[in-house]
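Pasting the structures here.
Two complexes follow with subunit A in common, the first pairing it with subunit B and the second with subunit C.
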Partner chain A sequence: MTSEVLIFLGEALVAALILAGSFFMIVGSFGLLRLPTLMQRLHAPTKATTLGVGGILIASMLFFLFTNGWVSVHELLITLFLFLTAPVTAYMLAKAHLHRAKAEPELPPTGRPVGWATFDPVASDPDPDSGLRPAGEDQRPLDTI
Partner chain B sequence: MLARLLPHPLLTLLLAVVWVLLANGPSAGSLVMGLVLGVVLPLLTRPFWPERPAVRAPARVIEYGLIVLWDICVANVQVAYLILFKKPEELRSRFVVVPLETRVPEAIVTLAGTITMTPGTVSCDVSADGRALLVHALDAPDPEELVAQIKSRYERRLVEIFG
Partner chain C sequence: MIAVALWIGFAAVGLGTIFCLIRLWLGPDAVDRALALDTLVVNAVALIMLLGIAQATAIHFEAALLIAMLGFVGTVAFCKFMLRGDVIE
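Let's look at the complex of A and B:
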(Lines of atoms letter the chains of each structure in order from A and count residues from 1; the text may use other names and numbers.)
(Lines give C-alpha, C1' and ligand atoms only; values in the text may rest on other atoms or scores of the structure.)
Protein backbone atom coordinates (compact mmCIF):
# COMPACT_ATOMS: atom_id res chain seq x y z
CA MET A 1 0.00 0.00 0.00
CA THR A 2 1.31 3.41 -0.88
CA SER A 3 1.58 6.10 1.72
CA GLU A 4 -1.11 8.21 -0.01
CA VAL A 5 -3.64 5.44 0.56
CA LEU A 6 -2.60 5.18 4.22
CA ILE A 7 -2.91 8.94 4.69
CA PHE A 8 -6.33 8.87 3.07
CA LEU A 9 -7.48 6.03 5.34
CA GLY A 10 -6.18 7.85 8.40
CA GLU A 11 -7.93 11.08 7.43
CA ALA A 12 -11.14 9.18 6.70
CA LEU A 13 -11.00 7.52 10.14
CA VAL A 14 -10.39 10.85 11.91
CA ALA A 15 -13.18 12.51 9.92
CA ALA A 16 -15.60 9.67 10.70
CA LEU A 17 -14.88 9.93 14.43
CA ILE A 18 -15.39 13.72 14.40
CA LEU A 19 -18.68 13.29 12.55
CA ALA A 20 -19.86 10.59 14.97
CA GLY A 21 -18.93 12.78 17.95
CA SER A 22 -20.68 15.79 16.42
CA PHE A 23 -23.78 13.68 15.77
CA PHE A 24 -24.10 12.74 19.43
CA MET A 25 -23.43 16.34 20.51
CA ILE A 26 -26.18 17.67 18.26
CA VAL A 27 -28.59 14.97 19.42
CA GLY A 28 -27.82 15.99 23.01
CA SER A 29 -28.48 19.66 22.19
CA PHE A 30 -31.64 18.72 20.32
CA GLY A 31 -32.79 16.81 23.39
CA LEU A 32 -32.20 19.92 25.49
CA LEU A 33 -34.55 21.78 23.14
CA ARG A 34 -37.17 19.07 22.78
CA LEU A 35 -37.65 17.46 26.20
CA PRO A 36 -40.36 19.19 28.25
CA THR A 37 -39.26 18.82 31.91
CA LEU A 38 -36.04 19.86 33.64
CA MET A 39 -35.31 16.36 34.92
CA GLN A 40 -35.59 14.99 31.38
CA ARG A 41 -33.40 17.77 29.97
CA LEU A 42 -30.77 16.87 32.57
CA HIS A 43 -30.13 13.67 30.59
CA ALA A 44 -28.96 15.57 27.52
CA PRO A 45 -25.57 16.86 28.81
CA THR A 46 -24.51 13.40 30.00
CA LYS A 47 -24.86 12.30 26.39
CA ALA A 48 -22.85 15.17 24.97
CA THR A 49 -19.98 14.75 27.42
CA THR A 50 -19.64 11.00 26.89
CA LEU A 51 -19.78 9.80 23.28
CA GLY A 52 -19.83 13.29 21.75
CA VAL A 53 -16.68 14.57 23.39
CA GLY A 54 -15.26 11.02 23.43
CA GLY A 55 -15.44 10.65 19.65
CA ILE A 56 -13.79 14.03 19.08
CA LEU A 57 -11.04 13.30 21.64
CA ILE A 58 -10.23 9.92 20.06
CA ALA A 59 -10.14 11.66 16.66
CA SER A 60 -7.73 14.25 18.10
CA MET A 61 -5.46 11.53 19.54
CA LEU A 62 -5.38 9.65 16.23
CA PHE A 63 -4.73 12.87 14.29
CA PHE A 64 -1.67 13.73 16.38
CA LEU A 65 -0.54 10.10 16.26
CA PHE A 66 -0.65 10.17 12.44
CA THR A 67 0.88 13.63 11.98
CA ASN A 68 3.47 13.75 14.80
CA GLY A 69 4.06 10.06 15.37
CA TRP A 70 3.42 10.13 19.13
CA VAL A 71 0.30 9.78 21.19
CA SER A 72 -0.99 12.91 22.90
CA VAL A 73 -2.29 12.06 26.37
CA HIS A 74 -4.01 15.37 27.13
CA GLU A 75 -7.18 13.91 25.61
CA LEU A 76 -7.18 11.12 28.20
CA LEU A 77 -6.88 13.71 30.95
CA ILE A 78 -9.79 15.71 29.50
CA THR A 79 -11.83 12.49 29.63
CA LEU A 80 -10.76 11.88 33.23
CA PHE A 81 -11.67 15.41 34.36
CA LEU A 82 -15.01 15.29 32.51
CA PHE A 83 -15.88 12.00 34.18
CA LEU A 84 -15.03 13.52 37.54
CA THR A 85 -16.93 16.81 37.07
CA ALA A 86 -19.99 15.94 34.95
CA PRO A 87 -21.72 13.78 37.62
CA VAL A 88 -21.15 16.48 40.25
CA THR A 89 -22.69 19.14 37.99
CA ALA A 90 -25.69 16.94 37.23
CA TYR A 91 -26.09 16.16 40.93
CA MET A 92 -25.99 19.85 41.91
CA LEU A 93 -28.55 20.73 39.20
CA ALA A 94 -30.85 17.93 40.34
CA LYS A 95 -30.49 18.97 43.97
CA ALA A 96 -31.20 22.62 43.17
CA HIS A 97 -34.24 21.52 41.21
CA LEU A 98 -35.53 19.41 44.11
CA HIS A 99 -35.08 22.36 46.46
CA ARG A 100 -36.82 24.76 44.11
CA ALA A 101 -39.72 22.52 43.14
CA LYS A 102 -41.85 22.16 46.28
CA ALA A 103 -41.43 21.38 49.94
CA GLU A 104 -41.06 17.71 49.11
CA PRO A 105 -41.82 16.83 45.51
CA GLU A 106 -43.49 13.58 44.57
CA LEU A 107 -40.43 11.46 45.23
CA PRO A 108 -40.65 7.74 45.87
CA PRO A 109 -40.02 6.79 49.54
CA THR A 110 -36.46 5.88 50.43
CA GLY A 111 -37.42 2.49 51.78
CA ARG A 112 -35.41 3.52 54.85
CA PRO A 113 -36.49 5.03 58.18
CA VAL A 114 -35.00 8.38 57.07
CA GLY A 115 -35.82 10.67 54.16
CA TRP A 116 -33.76 11.88 51.20
CA ALA A 117 -30.65 13.80 52.20
CA THR A 118 -31.83 17.00 50.46
CA PHE A 119 -34.87 17.24 52.76
CA ASP A 120 -33.62 15.35 55.81
CA PRO A 121 -30.09 16.72 56.17
CA VAL A 122 -29.34 15.14 59.53
CA ALA A 123 -29.93 11.42 59.70
CA SER A 124 -32.14 10.97 62.75
CA ASP A 125 -31.10 7.34 62.93
CA PRO A 126 -27.51 7.07 61.73
CA ASP A 127 -26.65 3.52 60.88
CA PRO A 128 -23.73 2.38 63.07
CA ASP A 129 -22.34 0.16 60.26
CA SER A 130 -22.44 3.03 57.81
CA GLY A 131 -19.17 4.51 56.61
CA LEU A 132 -20.96 7.87 56.51
CA ARG A 133 -20.92 9.92 59.69
CA PRO A 134 -23.28 12.80 60.38
CA ALA A 135 -21.47 16.12 59.96
CA GLY A 136 -19.78 17.41 63.08
CA GLU A 137 -19.69 14.05 64.76
CA ASP A 138 -16.21 12.88 64.01
CA GLN A 139 -15.40 10.42 66.74
CA ARG A 140 -11.72 10.04 65.96
CA PRO A 141 -9.24 11.46 68.45
CA LEU A 142 -8.11 14.90 67.36
CA ASP A 143 -4.45 14.06 66.86
CA THR A 144 -5.24 11.43 64.21
CA ILE A 145 -7.01 13.92 61.94
CA MET B 1 6.96 7.84 59.81
CA LEU B 2 6.40 6.94 56.18
CA ALA B 3 2.69 6.49 56.86
CA ARG B 4 2.53 10.02 58.31
CA LEU B 5 4.39 11.54 55.37
CA LEU B 6 2.45 9.58 52.75
CA PRO B 7 -1.03 9.03 54.15
CA HIS B 8 -2.35 8.01 50.73
CA PRO B 9 0.39 6.39 48.58
CA LEU B 10 -2.04 5.62 45.73
CA LEU B 11 -3.19 9.25 45.62
CA THR B 12 0.45 10.39 45.62
CA LEU B 13 1.18 8.12 42.67
CA LEU B 14 -1.97 9.24 40.84
CA LEU B 15 -1.17 12.95 41.29
CA ALA B 16 2.40 12.46 40.07
CA VAL B 17 1.26 10.51 37.00
CA VAL B 18 -1.44 13.06 36.15
CA TRP B 19 1.08 15.91 36.48
CA VAL B 20 3.55 14.19 34.16
CA LEU B 21 0.74 13.53 31.68
CA LEU B 22 -0.33 17.19 31.87
CA ALA B 23 3.19 18.14 30.83
CA ASN B 24 2.57 15.86 27.80
CA GLY B 25 5.83 13.97 27.93
CA PRO B 26 7.99 12.70 30.78
CA SER B 27 10.89 14.86 31.88
CA ALA B 28 12.91 14.99 35.11
CA GLY B 29 11.46 18.40 35.99
CA SER B 30 7.82 17.43 35.60
CA LEU B 31 8.43 14.18 37.49
CA VAL B 32 9.94 16.04 40.48
CA MET B 33 7.14 18.61 40.43
CA GLY B 34 4.57 15.82 40.22
CA LEU B 35 6.10 14.02 43.20
CA VAL B 36 6.21 17.24 45.22
CA LEU B 37 2.51 17.83 44.50
CA GLY B 38 1.81 14.17 45.21
CA VAL B 39 3.33 14.52 48.68
CA VAL B 40 2.02 18.00 49.56
CA LEU B 41 -1.60 17.76 48.35
CA PRO B 42 -2.56 14.60 50.32
CA LEU B 43 -1.05 16.18 53.45
CA LEU B 44 -2.97 19.45 52.94
CA THR B 45 -6.26 17.69 52.18
CA ARG B 46 -5.87 15.12 54.92
CA PRO B 47 -8.99 16.13 56.90
CA PHE B 48 -11.11 15.26 53.84
CA TRP B 49 -9.72 11.71 53.67
CA PRO B 50 -10.06 10.29 57.16
CA GLU B 51 -9.57 6.71 56.05
CA ARG B 52 -7.51 5.24 53.28
CA PRO B 53 -9.90 3.85 50.67
CA ALA B 54 -9.01 0.18 50.24
CA VAL B 55 -8.96 -1.17 46.70
CA ARG B 56 -9.28 -4.90 47.23
CA ALA B 57 -9.08 -6.06 43.63
CA PRO B 58 -7.12 -3.68 41.35
CA ALA B 59 -7.56 -5.91 38.29
CA ARG B 60 -11.33 -5.58 38.70
CA VAL B 61 -11.02 -1.78 38.34
CA ILE B 62 -9.97 -2.21 34.70
CA GLU B 63 -12.78 -4.69 34.06
CA TYR B 64 -15.26 -2.27 35.63
CA GLY B 65 -13.97 0.64 33.52
CA LEU B 66 -14.30 -1.34 30.29
CA ILE B 67 -17.85 -2.46 31.15
CA VAL B 68 -18.85 1.14 31.93
CA LEU B 69 -17.33 2.40 28.66
CA TRP B 70 -19.21 -0.26 26.69
CA ASP B 71 -22.47 0.55 28.49
CA ILE B 72 -21.97 4.27 27.78
CA CYS B 73 -21.69 3.52 24.04
CA VAL B 74 -24.80 1.30 24.02
CA ALA B 75 -26.84 3.69 26.17
CA ASN B 76 -25.83 6.69 24.02
CA VAL B 77 -27.36 5.05 20.96
CA GLN B 78 -30.49 4.12 22.91
CA VAL B 79 -30.97 7.65 24.26
CA ALA B 80 -30.30 9.16 20.81
CA TYR B 81 -33.10 6.94 19.50
CA LEU B 82 -35.43 8.08 22.30
CA ILE B 83 -34.72 11.77 21.65
CA LEU B 84 -34.98 11.60 17.87
CA PHE B 85 -37.86 9.18 17.28
CA LYS B 86 -40.05 9.13 20.38
CA LYS B 87 -42.58 11.76 21.28
CA PRO B 88 -41.67 13.34 24.63
CA GLU B 89 -45.16 12.45 25.97
CA GLU B 90 -44.45 8.77 25.33
CA LEU B 91 -41.34 8.72 27.49
CA ARG B 92 -41.95 6.94 30.78
CA SER B 93 -39.66 9.19 32.86
CA ARG B 94 -39.69 8.44 36.56
CA PHE B 95 -37.68 8.34 39.74
CA VAL B 96 -36.50 4.94 40.90
CA VAL B 97 -34.91 3.99 44.23
CA VAL B 98 -31.78 1.87 44.28
CA PRO B 99 -31.27 0.29 47.73
CA LEU B 100 -27.56 -0.01 48.49
CA GLU B 101 -25.76 -3.06 49.87
CA THR B 102 -22.39 -1.36 50.22
CA ARG B 103 -21.51 0.97 53.11
CA VAL B 104 -18.24 2.21 51.63
CA PRO B 105 -18.50 5.93 50.69
CA GLU B 106 -16.05 5.55 47.78
CA ALA B 107 -18.15 2.74 46.31
CA ILE B 108 -21.36 4.76 46.66
CA VAL B 109 -19.79 7.83 44.99
CA THR B 110 -18.43 5.70 42.14
CA LEU B 111 -21.82 4.05 41.68
CA ALA B 112 -23.61 7.43 41.63
CA GLY B 113 -21.08 8.79 39.12
CA THR B 114 -21.43 5.72 36.92
CA ILE B 115 -25.23 6.00 36.93
CA THR B 116 -25.02 9.66 35.88
CA MET B 117 -22.43 9.10 33.14
CA THR B 118 -24.50 6.31 31.61
CA PRO B 119 -26.98 8.20 29.41
CA GLY B 120 -30.62 7.69 30.36
CA THR B 121 -30.11 7.70 34.13
CA VAL B 122 -29.06 10.50 36.51
CA SER B 123 -28.47 9.96 40.22
CA CYS B 124 -30.15 12.83 42.08
CA ASP B 125 -30.00 12.19 45.81
CA VAL B 126 -29.01 9.78 48.52
CA SER B 127 -31.07 8.81 51.54
CA ALA B 128 -30.01 10.59 54.73
CA ASP B 129 -28.43 7.42 56.10
CA GLY B 130 -26.59 6.71 52.84
CA ARG B 131 -28.34 3.42 52.13
CA ALA B 132 -30.43 4.26 49.05
CA LEU B 133 -29.88 6.26 45.86
CA LEU B 134 -32.55 8.32 44.12
CA VAL B 135 -32.14 7.86 40.36
CA HIS B 136 -34.08 9.60 37.60
CA ALA B 137 -34.57 7.53 34.45
CA LEU B 138 -35.42 9.13 31.10
CA ASP B 139 -37.40 6.11 29.89
CA ALA B 140 -38.00 3.19 32.23
CA PRO B 141 -40.89 0.97 31.19
CA ASP B 142 -39.87 -1.52 33.90
CA PRO B 143 -38.36 0.22 36.97
CA GLU B 144 -37.64 -3.03 38.82
CA GLU B 145 -35.59 -4.34 35.94
CA LEU B 146 -33.58 -1.09 35.79
CA VAL B 147 -32.79 -1.29 39.52
CA ALA B 148 -31.87 -4.97 39.24
CA GLN B 149 -29.59 -4.17 36.30
CA ILE B 150 -27.81 -1.34 38.18
CA LYS B 151 -27.32 -3.59 41.19
CA SER B 152 -26.10 -6.67 39.35
CA ARG B 153 -23.98 -4.91 36.76
CA TYR B 154 -22.34 -2.08 38.74
CA GLU B 155 -22.90 -2.42 42.46
CA ARG B 156 -21.91 -6.10 42.66
CA ARG B 157 -18.56 -5.29 41.00
CA LEU B 158 -17.99 -2.22 43.18
CA VAL B 159 -18.57 -4.36 46.27
CA GLU B 160 -15.88 -6.72 44.97
CA ILE B 161 -13.50 -3.79 44.38
CA PHE B 162 -14.07 -1.75 47.57
CA GLY B 163 -15.36 -4.47 49.87
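Let's look at the complex of A and C:
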Protein backbone atom coordinates (compact mmCIF):
# COMPACT_ATOMS: atom_id res chain seq x y z
CA MET A 1 0.00 0.00 0.00
CA THR A 2 1.55 3.27 -1.06
CA SER A 3 1.67 6.38 1.07
CA GLU A 4 -0.73 8.27 -1.22
CA VAL A 5 -3.43 5.71 -0.51
CA LEU A 6 -2.77 5.99 3.23
CA ILE A 7 -2.97 9.77 3.14
CA PHE A 8 -6.18 9.56 1.13
CA LEU A 9 -7.68 7.10 3.61
CA GLY A 10 -6.72 9.31 6.55
CA GLU A 11 -8.22 12.39 4.95
CA ALA A 12 -11.38 10.47 4.07
CA LEU A 13 -11.70 9.23 7.66
CA VAL A 14 -11.30 12.75 9.12
CA ALA A 15 -13.72 14.25 6.56
CA ALA A 16 -16.32 11.54 7.22
CA LEU A 17 -16.08 12.10 10.98
CA ILE A 18 -16.46 15.86 10.53
CA LEU A 19 -19.51 15.35 8.32
CA ALA A 20 -21.10 12.85 10.74
CA GLY A 21 -20.50 15.16 13.69
CA SER A 22 -21.96 18.14 11.85
CA PHE A 23 -24.99 16.07 10.86
CA PHE A 24 -25.66 15.15 14.48
CA MET A 25 -25.13 18.75 15.60
CA ILE A 26 -27.70 20.07 13.15
CA VAL A 27 -30.14 17.25 14.00
CA GLY A 28 -29.89 18.12 17.69
CA SER A 29 -30.42 21.83 17.13
CA PHE A 30 -33.28 21.20 14.69
CA GLY A 31 -34.93 18.94 17.26
CA LEU A 32 -34.53 21.68 19.85
CA LEU A 33 -36.32 24.05 17.49
CA ARG A 34 -39.10 21.83 16.16
CA LEU A 35 -40.15 19.28 18.81
CA PRO A 36 -43.49 20.16 20.45
CA THR A 37 -43.07 19.72 24.23
CA LEU A 38 -40.21 20.57 26.54
CA MET A 39 -39.41 16.99 27.57
CA GLN A 40 -39.00 16.04 23.88
CA ARG A 41 -36.95 19.18 23.28
CA LEU A 42 -34.79 18.16 26.23
CA HIS A 43 -33.96 14.79 24.69
CA ALA A 44 -32.91 16.07 21.26
CA PRO A 45 -29.84 18.19 22.08
CA THR A 46 -28.61 16.20 25.05
CA LYS A 47 -28.21 13.07 22.96
CA ALA A 48 -27.52 14.27 19.43
CA THR A 49 -25.31 17.21 20.29
CA THR A 50 -22.96 15.18 22.44
CA LEU A 51 -22.70 12.64 19.61
CA GLY A 52 -21.94 15.50 17.21
CA VAL A 53 -19.28 17.02 19.45
CA GLY A 54 -17.85 13.54 20.01
CA GLY A 55 -17.52 12.99 16.27
CA ILE A 56 -15.86 16.36 15.69
CA LEU A 57 -13.46 15.79 18.60
CA ILE A 58 -12.47 12.34 17.30
CA ALA A 59 -11.93 13.93 13.88
CA SER A 60 -9.69 16.57 15.48
CA MET A 61 -7.71 13.90 17.35
CA LEU A 62 -7.16 11.88 14.17
CA PHE A 63 -6.26 15.05 12.22
CA PHE A 64 -3.55 16.05 14.68
CA LEU A 65 -2.38 12.44 14.92
CA PHE A 66 -1.95 12.31 11.12
CA THR A 67 -0.36 15.75 10.74
CA ASN A 68 1.88 15.92 13.82
CA GLY A 69 2.42 12.27 14.59
CA TRP A 70 1.46 12.42 18.27
CA VAL A 71 -1.85 12.06 20.04
CA SER A 72 -3.20 15.22 21.69
CA VAL A 73 -5.10 14.65 24.91
CA HIS A 74 -7.01 17.95 25.06
CA GLU A 75 -9.84 16.53 22.96
CA LEU A 76 -10.21 13.60 25.33
CA LEU A 77 -10.53 16.08 28.21
CA ILE A 78 -13.29 18.01 26.44
CA THR A 79 -15.07 14.78 25.45
CA LEU A 80 -14.90 13.43 29.00
CA PHE A 81 -16.15 16.71 30.45
CA LEU A 82 -19.06 17.00 28.01
CA PHE A 83 -20.09 13.37 28.46
CA LEU A 84 -19.99 13.77 32.24
CA THR A 85 -21.93 17.03 32.36
CA ALA A 86 -24.63 16.38 29.73
CA PRO A 87 -26.72 14.00 31.94
CA VAL A 88 -26.37 16.32 34.95
CA THR A 89 -27.56 19.27 32.89
CA ALA A 90 -30.50 17.31 31.46
CA TYR A 91 -31.47 16.14 34.94
CA MET A 92 -31.38 19.65 36.37
CA LEU A 93 -33.40 21.07 33.46
CA ALA A 94 -36.02 18.30 33.74
CA LYS A 95 -36.29 18.89 37.48
CA ALA A 96 -36.71 22.63 36.98
CA HIS A 97 -39.37 21.95 34.35
CA LEU A 98 -41.28 19.61 36.70
CA HIS A 99 -41.00 22.16 39.46
CA ARG A 100 -42.33 24.99 37.32
CA ALA A 101 -44.99 23.14 35.30
CA LYS A 102 -46.70 21.16 38.08
CA ALA A 103 -47.98 21.99 41.54
CA GLU A 104 -46.76 19.99 44.52
CA PRO A 105 -49.79 17.60 44.83
CA GLU A 106 -49.48 16.58 41.16
CA LEU A 107 -45.94 15.30 41.49
CA PRO A 108 -45.42 11.58 42.17
CA PRO A 109 -44.67 10.56 45.77
CA THR A 110 -41.04 10.27 46.70
CA GLY A 111 -41.53 7.11 48.78
CA ARG A 112 -39.66 8.63 51.69
CA PRO A 113 -40.74 10.42 54.85
CA VAL A 114 -40.02 13.82 53.35
CA GLY A 115 -41.51 15.27 50.19
CA TRP A 116 -39.86 16.99 47.27
CA ALA A 117 -37.00 19.00 48.71
CA THR A 118 -37.36 21.83 46.20
CA PHE A 119 -40.69 22.83 47.78
CA ASP A 120 -39.12 23.39 51.19
CA PRO A 121 -39.21 26.99 52.36
CA VAL A 122 -36.19 28.97 51.30
CA ALA A 123 -33.79 29.86 54.09
CA SER A 124 -34.19 33.57 53.46
CA ASP A 125 -32.48 34.92 56.55
CA PRO A 126 -30.19 32.24 57.87
CA ASP A 127 -28.34 32.65 61.10
CA PRO A 128 -24.66 31.97 60.39
CA ASP A 129 -24.17 30.45 63.85
CA SER A 130 -26.94 27.86 63.64
CA GLY A 131 -26.46 26.57 60.12
CA LEU A 132 -28.38 27.36 56.96
CA ARG A 133 -31.76 25.98 57.98
CA PRO A 134 -34.04 28.42 59.82
CA ALA A 135 -35.22 27.39 63.26
CA GLY A 136 -38.88 26.51 63.74
CA GLU A 137 -41.31 23.79 62.79
CA ASP A 138 -39.68 23.33 59.37
CA GLN A 139 -36.56 21.94 60.94
CA ARG A 140 -36.57 18.19 60.52
CA PRO A 141 -34.22 15.64 62.04
CA LEU A 142 -31.24 14.77 59.95
CA ASP A 143 -31.93 11.02 59.80
CA THR A 144 -35.14 11.51 57.82
CA ILE A 145 -33.51 13.45 55.00
CA MET B 1 -11.29 16.86 0.93
CA ILE B 2 -10.94 17.95 4.53
CA ALA B 3 -11.41 21.58 3.44
CA VAL B 4 -14.76 20.81 1.81
CA ALA B 5 -15.90 18.82 4.84
CA LEU B 6 -14.84 21.72 7.07
CA TRP B 7 -16.92 24.21 5.07
CA ILE B 8 -19.95 21.91 5.25
CA GLY B 9 -19.33 21.48 8.97
CA PHE B 10 -19.08 25.24 9.56
CA ALA B 11 -22.34 25.76 7.66
CA ALA B 12 -24.16 22.99 9.54
CA VAL B 13 -23.03 24.05 13.01
CA GLY B 14 -23.75 27.70 12.20
CA LEU B 15 -27.26 26.77 11.10
CA GLY B 16 -27.67 24.82 14.34
CA THR B 17 -26.57 27.92 16.26
CA ILE B 18 -29.26 29.93 14.44
CA PHE B 19 -31.85 27.29 15.42
CA CYS B 20 -30.75 27.61 19.05
CA LEU B 21 -31.04 31.41 18.84
CA ILE B 22 -34.58 31.09 17.44
CA ARG B 23 -35.51 28.78 20.32
CA LEU B 24 -33.90 31.24 22.72
CA TRP B 25 -36.10 33.97 21.24
CA LEU B 26 -39.32 31.93 21.11
CA GLY B 27 -38.96 29.69 24.17
CA PRO B 28 -42.29 29.77 26.00
CA ASP B 29 -40.70 29.06 29.37
CA ALA B 30 -37.48 29.99 31.11
CA VAL B 31 -36.43 26.31 31.09
CA ASP B 32 -36.58 26.39 27.27
CA ARG B 33 -34.27 29.37 27.25
CA ALA B 34 -31.81 27.70 29.62
CA LEU B 35 -31.83 24.61 27.39
CA ALA B 36 -31.27 26.77 24.31
CA LEU B 37 -28.31 28.47 26.00
CA ASP B 38 -26.83 25.09 26.92
CA THR B 39 -27.14 23.85 23.33
CA LEU B 40 -25.65 27.15 22.15
CA VAL B 41 -22.59 26.50 24.31
CA VAL B 42 -22.17 23.01 22.86
CA ASN B 43 -22.47 24.46 19.35
CA ALA B 44 -19.80 27.04 20.21
CA VAL B 45 -17.46 24.28 21.42
CA ALA B 46 -17.96 22.41 18.13
CA LEU B 47 -17.31 25.60 16.13
CA ILE B 48 -14.06 26.22 18.01
CA MET B 49 -12.92 22.65 17.40
CA LEU B 50 -13.65 23.03 13.67
CA LEU B 51 -11.66 26.29 13.69
CA GLY B 52 -8.76 24.45 15.33
CA ILE B 53 -8.80 21.83 12.57
CA ALA B 54 -9.07 24.51 9.87
CA GLN B 55 -6.08 26.48 11.19
CA ALA B 56 -4.16 23.33 12.21
CA THR B 57 -3.30 24.84 15.59
CA ALA B 58 -3.83 23.39 19.05
CA ILE B 59 -4.24 26.69 20.88
CA HIS B 60 -8.04 26.72 20.72
CA PHE B 61 -8.56 23.68 22.94
CA GLU B 62 -8.21 25.59 26.19
CA ALA B 63 -10.82 28.09 25.00
CA ALA B 64 -13.18 25.25 24.10
CA LEU B 65 -12.66 23.58 27.48
CA LEU B 66 -13.25 26.86 29.31
CA ILE B 67 -16.44 27.57 27.35
CA ALA B 68 -17.72 24.05 28.06
CA MET B 69 -17.05 24.45 31.80
CA LEU B 70 -18.68 27.90 31.93
CA GLY B 71 -21.70 26.60 30.05
CA PHE B 72 -22.17 23.72 32.47
CA VAL B 73 -21.80 25.89 35.55
CA GLY B 74 -24.12 28.52 34.08
CA THR B 75 -26.84 26.02 33.22
CA VAL B 76 -26.71 24.42 36.66
CA ALA B 77 -26.85 27.87 38.27
CA PHE B 78 -29.88 28.80 36.15
CA CYS B 79 -31.61 25.54 37.15
CA LYS B 80 -30.84 26.07 40.83
CA PHE B 81 -32.25 29.57 40.60
CA MET B 82 -35.44 28.30 38.93
CA LEU B 83 -35.81 25.54 41.51
CA ARG B 84 -35.10 27.47 44.69
CA GLY B 85 -35.09 31.15 43.86
CA ASP B 86 -31.50 31.23 45.01
CA VAL B 87 -28.26 29.88 43.61
CA ILE B 88 -26.27 29.22 46.78
CA GLU B 89 -28.32 28.89 49.94
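Keep this in mind: the second predicted complex is superposed on the first by the 101 of 145 C-alpha atoms of A that agree within 3 Å, B and C clash if a C-alpha of one lies under 4 Å from a C-alpha of the other, contacts with A are read in each partner's own complex, and residues count from 1 in each chain.
Here is the rule we go by: contacts are C-beta pairs under 8 Å (C-beta built on N, C-alpha and C of every residue); 3 or more make two chains touch, one makes a residue touch a chain.
Because the structure is a prediction, the values reported are computed rather than measured.
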Original post:
Between subunit B (first) and subunit C (second), which does A:T110 come into contact with in this model arrangement: first, second, both, or neither?
Top reply: first
**OP:** Please work out whether A:K95 is in contact with subunit B alone, subunit C alone, both, or neither, and reply first, second, both or neither.
**Re:** both
**OP:** Quick one: classify A:T118 as touching subunit B (first), subunit C (second), both or neither.
**Re:** both
**OP:** Scan A:S72 for contacts with subunit B and subunit C and give back first, second, both or neither.
**Re:** both
Original post:
Regarding the shared-chain residue A:L51, is it in contact with subunit B (first), subunit C (second), both, or neither?
Top reply: first
**OP:** For A:T37, decide between first (touching subunit B), second (touching subunit C), both and neither.
**Re:** first
Subject >> Contacts of A:F83 with subunit B and subunit C, given as first, second, both or neither >> reply: first
Original post:
Which residues would you name on subunit A as touching subunit B in one complex and subunit C in the other?
Top reply: 23, 28, 30, 42, 49-50, 72, 74, 77, 95, 118, 122-123, 126, 132
**OP:** Could you pull out which subunit A residues touch subunit B in their complex?
**Re:** 23-24, 27-28, 30-31, 34-37, 39-40, 42-44, 46-47, 49-51, 54, 72-74, 76-77, 80, 83-84, 86-87, 90-91, 94-95, 98, 107-118, 120-127, 129-132, 138, 140, 145
Original post:
Which of the residues in subunit B end up touching subunit A in this complex?
Top reply: 18, 21-22, 24, 46-47, 50-51, 72-73, 76, 79-80, 83-84, 88, 91, 93, 95-97, 99, 103-105, 112-113, 116-132, 134, 136, 138
Original post:
How about subunit A: which of its residues touch subunit C in the complex?
Top reply: 11-12, 14-16, 18-19, 21-23, 25-26, 28-30, 32-33, 38, 41-42, 45, 49-50, 52-53, 56-57, 59-60, 63-64, 67, 72, 74-75, 77-78, 81-82, 85, 88-89, 92-93, 95-97, 99-101, 118, 122-123, 126, 132
Original post:
In the complex formed with subunit A, which residues of subunit C make contact?
Top reply: 1-2, 4-6, 8-9, 12-13, 15-17, 19-20, 22-23, 29-32, 34-36, 38-39, 42-43, 45-46, 49-50, 52-53, 56, 58, 61-62, 64-65, 68-69, 72, 75-76, 78-80, 82-86, 89
